[in-house]
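In this document, chain identifiers A, B, C and D correspond to the written order of the chains, with residue numbering beginning at 1 in each.
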Amino acid sequence: MTLSQAPAAPAPLDVSAIRGDFPILDRMLDAETPLVYLDSGATSQRPRQVLDAEIDFLTRDNAAVKRGAHRLAEAATDAFESARARIGAFVGVARPEQIAFTKNATEALNVLAYALGDPDSSRSDQLRVSEGDEILITEMEHHANLVPWQELARRTGATLRWIPLAEDYTLDLTDLDSLLTERTKVFALTHQSNVLGTVNPVAELASRAHEVGALVVLDACQSVPHMSVDLPALGVDAAAFSGHKMLGPTGIGVLWGRDDLLAQLPPVMTGGSMIETVTMERTTFAEPPARFEAGTPMISQAVGLAAACDYLDALGMDAVAAHERGLTRRAVEGLSQLPGVRVIGPEVTTERAGAVSFDLAGRHPHDVGQVLDSRGVEVRVGHHCAWPLHRRYGLAGTTRASFSVYTTTAEIDALIDGMGAVIDFFARFE
Amino acid sequence: MTLSQAPAAPAPLDVSAIRGDFPILDRMLDAETPLVYLDSGATSQRPRQVLDAEIDFLTRDNAAVKRGAHRLAEAATDAFESARARIGAFVGVARPEQIAFTKNATEALNVLAYALGDPDSSRSDQLRVSEGDEILITEMEHHANLVPWQELARRTGATLRWIPLAEDYTLDLTDLDSLLTERTKVFALTHQSNVLGTVNPVAELASRAHEVGALVVLDACQSVPHMSVDLPALGVDAAAFSGHKMLGPTGIGVLWGRDDLLAQLPPVMTGGSMIETVTMERTTFAEPPARFEAGTPMISQAVGLAAACDYLDALGMDAVAAHERGLTRRAVEGLSQLPGVRVIGPEVTTERAGAVSFDLAGRHPHDVGQVLDSRGVEVRVGHHCAWPLHRRYGLAGTTRASFSVYTTTAEIDALIDGMGAVIDFFARFE
Amino acid sequence: MDLSSLYTDIVFEHDKRPLHAGLREPFEAEVHHVNPTCGDEITLRLHLGGDADAPVVEDISYDATGCAMSRASASIMSDLLIGHTTSENEPVAEHLDRVMHARGEEQGDEEIIGDAVALQGAAKFPNRVKCVLMSWKAYQSALIEARGALGWSA
Amino acid sequence: MDLSSLYTDIVFEHDKRPLHAGLREPFEAEVHHVNPTCGDEITLRLHLGGDADAPVVEDISYDATGCAMSRASASIMSDLLIGHTTSENEPVAEHLDRVMHARGEEQGDEEIIGDAVALQGAAKFPNRVKCVLMSWKAYQSALIEARGALGWSA
């Protein structure tokens, strides 16, 4: 029997039980229109468990962390530091010292770009971007993993290069050898495209980058919420992701870095809680992660994000990924059958994540989104902070549906039916 | 009658009603020890109204802001932008465009320091700190308003100077004319010392600074939560404060700046939602405040902070200030009468805010704090992120009690009694 | 939700057959405006006649990509403004601006803004307001530039 | 809360009359450690004797500002370590480190750490653990430096 040889498929998610944890999903948009939330790639909703964890903390242990000697401050510091360890564990990081909290993934990527550009020559040349160096990114990056590197290039005189996109919506690696060279100091790429759903071959690319001595920075914003990710195992050197895309609070992001990297990088933001000694003349800085956490941190948000990790792990990230794979297949197949609709992303037969972007011939995504919204179907329209990617495919924008643990197949069907209605609606005016 | 000429005293706060809004205040630290929270200067507690505002938003309107076209995104954007206007109004700012959200006050000060140091020469020379320029601060600054300016000086070759502290715990303005000169590009100072309680003569100093063409940056972290503050009326150019010190959430701070200042400053963090156009080669940036808000912002936290402003305004900031003035007087007078206790801060007869720091002769603040903690009295010990200030007075640290709207006179008495017990406890070992 | 208030026949008429579209010579100013949230873009050229005291909009030519609302708005605007003095055009732009920011609480006056009343359905959708106003903002920037180029500062 | 487990007579004895305090010559290494949260500081000098294979701690001299726990810890440490080889001292430091990180779940063995058992009350107060361990960390840094200075790398 072949069945016994197949890897055990994770048990399917009990989506209706899950939805019971997300009060917002019962909301009506108006008297007749229930909410069909298909914009989880922008921000996810939060289960009661996450809200409760924050409230419990705030009504029991809230105090300033790290600075206080009293019992309440110790309870708060414990909660905060346990959250750090919990969140690290979620992405395979055993040492909490490697996890620094930022306000979002964007800040984490900026911190890396600023620290790598700091001219201080006491750290290894390999970790200092300066004139003549190259920074490599890809044409599918979110602005958050593009503009900070452009700015680093501007500040330092380094050159920004990028891996182009191929017709099949994956990276075109044909010229990789001439793009990734001894001159490349940093290679920053996304794990999953937030538009195409493309999953990049990160481990392979990271090892190629390490051969030429480049540092590898991963934008893990769209992978960590949707599949099991072990950052150290991927072989990258640093990574960034955001709490609000993985059922956690806004206002918290994660910067992960290997010990030797963080130990050498200078701070970017400075102030309280990240110092060792301060005189009016001179300041020395604390070890990581404190060095990267100036000022009062996102305390209750860290607690909330740890609860989100608990929630996701209780479901099982493999089950989450399988669930979203099913939704993605249904959406891609259903949409592709509609006249004039073209899905902008790889075939469902490839490894492909659950951002389903599409174009309706002759119709601007804003108009498409407006009609879908009138039916309660909430999708994202525009360039999704990946303008160069859209230019590459000659598109002003796309309409994107994206999913999470609480998304149902009925919602996918509402999207497909909705697109049918969009097509009919505009046909009236032809 | 003289009574009719006196300014109407604000009605006293109904502290016991207020305490009913703060669930954490009923907490026991152990079976016998109720919480006496006297560390509100580090972080305040939050009323149910603030918690509820966040939860209501999250369970009804949560979506990504600014980027979405669907109704949920519009509801979220409305809530977020109304919060911006509400928070601006709390500090006398009529134009919400002048309010940019950061993760804390520390980030706001860093953003100013980085933006002012950006070498781009297209903006006015007056807003560009470079070699040979001077930055003026004071010896009483919190590290958050000290280290970023030290770092700016290091990056640019500018010189950091400071106004020293006098014996009476106020700024020593004797040499102001030689410190604040045509060379001074930026003058950054705190409104209220977080250690001494000293209130600086900001309006007067700002007008002196403007005479020599210096930009004035105010650290308003300790004033905004405790008294009525009208930032534009103070005559400063930019200011920073944090949500978590004013009954609001952690993870949100405010950068306020005048239109002409923000319009000229370049962005510091870059990424999504702060761009105008992006190509792989070049990015142009949005207008303020978007320009300073890269990535997904602190959405529910902004809503929570707006609710905190509502809460404080309902009490009346003059009543809040009067309440804390009474507590401060009681604390200073009570503590001063204890043998060996010396209050480190101005006399209560002067304008003085409610940070009451003190020294117990021969005893390290850590030991003092430990014994107070055993009685449930939660105070801060150490240098309170103002290490140079402590050095100036020859102190390794101090013990600090600080107050908020929910602090009672009974809690002040618990502090004073506690200090009596501290003295007795250590006398045993003499 | 009532889509018909937003997508009227007039809007689609202008979307399908935009008036004055394309980029033409002569012009004194060319501006490029974008709506960063959705990526809509307009390149707009303005040609003034008349004199410094009473400039006349001789031509507005443009190339616009965007949603139906934004394209219709550019078409309606150019048709409304061409042939009029800049001071005649001012109240038109102001009235539309007020209506668009009133969230549907204020009705547009057809006497003043002509076909642009067909755009007012967007006022109920704050996100769409930007679509409608992008071309009008572009006209305003172009006007400042053109006056500058001609030495006709206001 | 039980303060007496933290503030014992032994702690105060050492706090009042610290052993081996002051900075003395000769020394091969001098280090300066701080506890950034509370501002405690220690300058510690180490003088080694013996030879590369079996270095002996001839002297530990120091200048410490800090709370009673941190000062007592420096006094107890110097008294425990002086006169012993660095390898004899290793298990002492390790045992204390383990006890201090056990949050009160592990009792210190007086056979191994002598008077330092009096410090273990701090293990229940995570914030005070740093006070106790600061001088021990300073000793460890000084040892690495002194070995380096003498060419006695381990």
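To be clear about the criterion, contacts are C-beta pairs under 8 Å (C-beta built on N, C-alpha and C of every residue); 3 or more make two chains touch, one makes a residue touch a chain.
What you see is a predicted model, and the numbers here were worked out from it, not measured in a lab.
For the pairs B-D and B-C, the count of C-beta pairs in contact is higher at B-D. With centres taken as mean Cα positions, subunit D sits 77 Å from subunit C. The distance from the centre of subunit B to the centre of subunit D, with each centre set as the mean of the Cα atoms, comes to 38 Å. Separating the centre of subunit A from that of subunit D, both taken as means of CA atoms, is a distance of 45 Å.
Of all residues in subunit A, those that touch two or more other chains are 29, 67-69, 71, 73, 275, 277, 366, 370, 373, 381-382, 387. Each of the following residues of subunit D touches two or more other chains: 1, 37-38, 125, 128.
Contact between chains, using the touch rule, shows up for A-B, A-C, A-D, B-C, B-D.
Across the complex, subunit C is touched by residues 66-69, 71, 73-74, 77-78, 275-277, 286 of subunit B. On subunit A, the positions that touch subunit B within their shared complex are 23-24, 27, 29, 35, 37, 39, 42-43, 45-46, 51, 55, 58-60, 62-64, 67-73, 102-107, 109-110, 139, 142-148, 150-151, 160, 162, 242, 244, 249-253, 268-273, 275, 277-280, 282-283, 294-301, 366, 369-370, 372-373, 378-382, 384-385, 387-388, 391. In the complex of the two chains, the subunit D residues touching subunit A come out as 1, 34, 36-38, 125-128.
Within the complex formed with subunit D, the subunit B residues making contact are 29-30, 33, 364-367, 370-371, 373-374, 381-383, 387, 390, 396-397, 425, 429.
Interface of subunit C with subunit A (complex): residues 1-3, 6-7, 9, 12, 16, 37-41, 65-70, 125, 128, 131.
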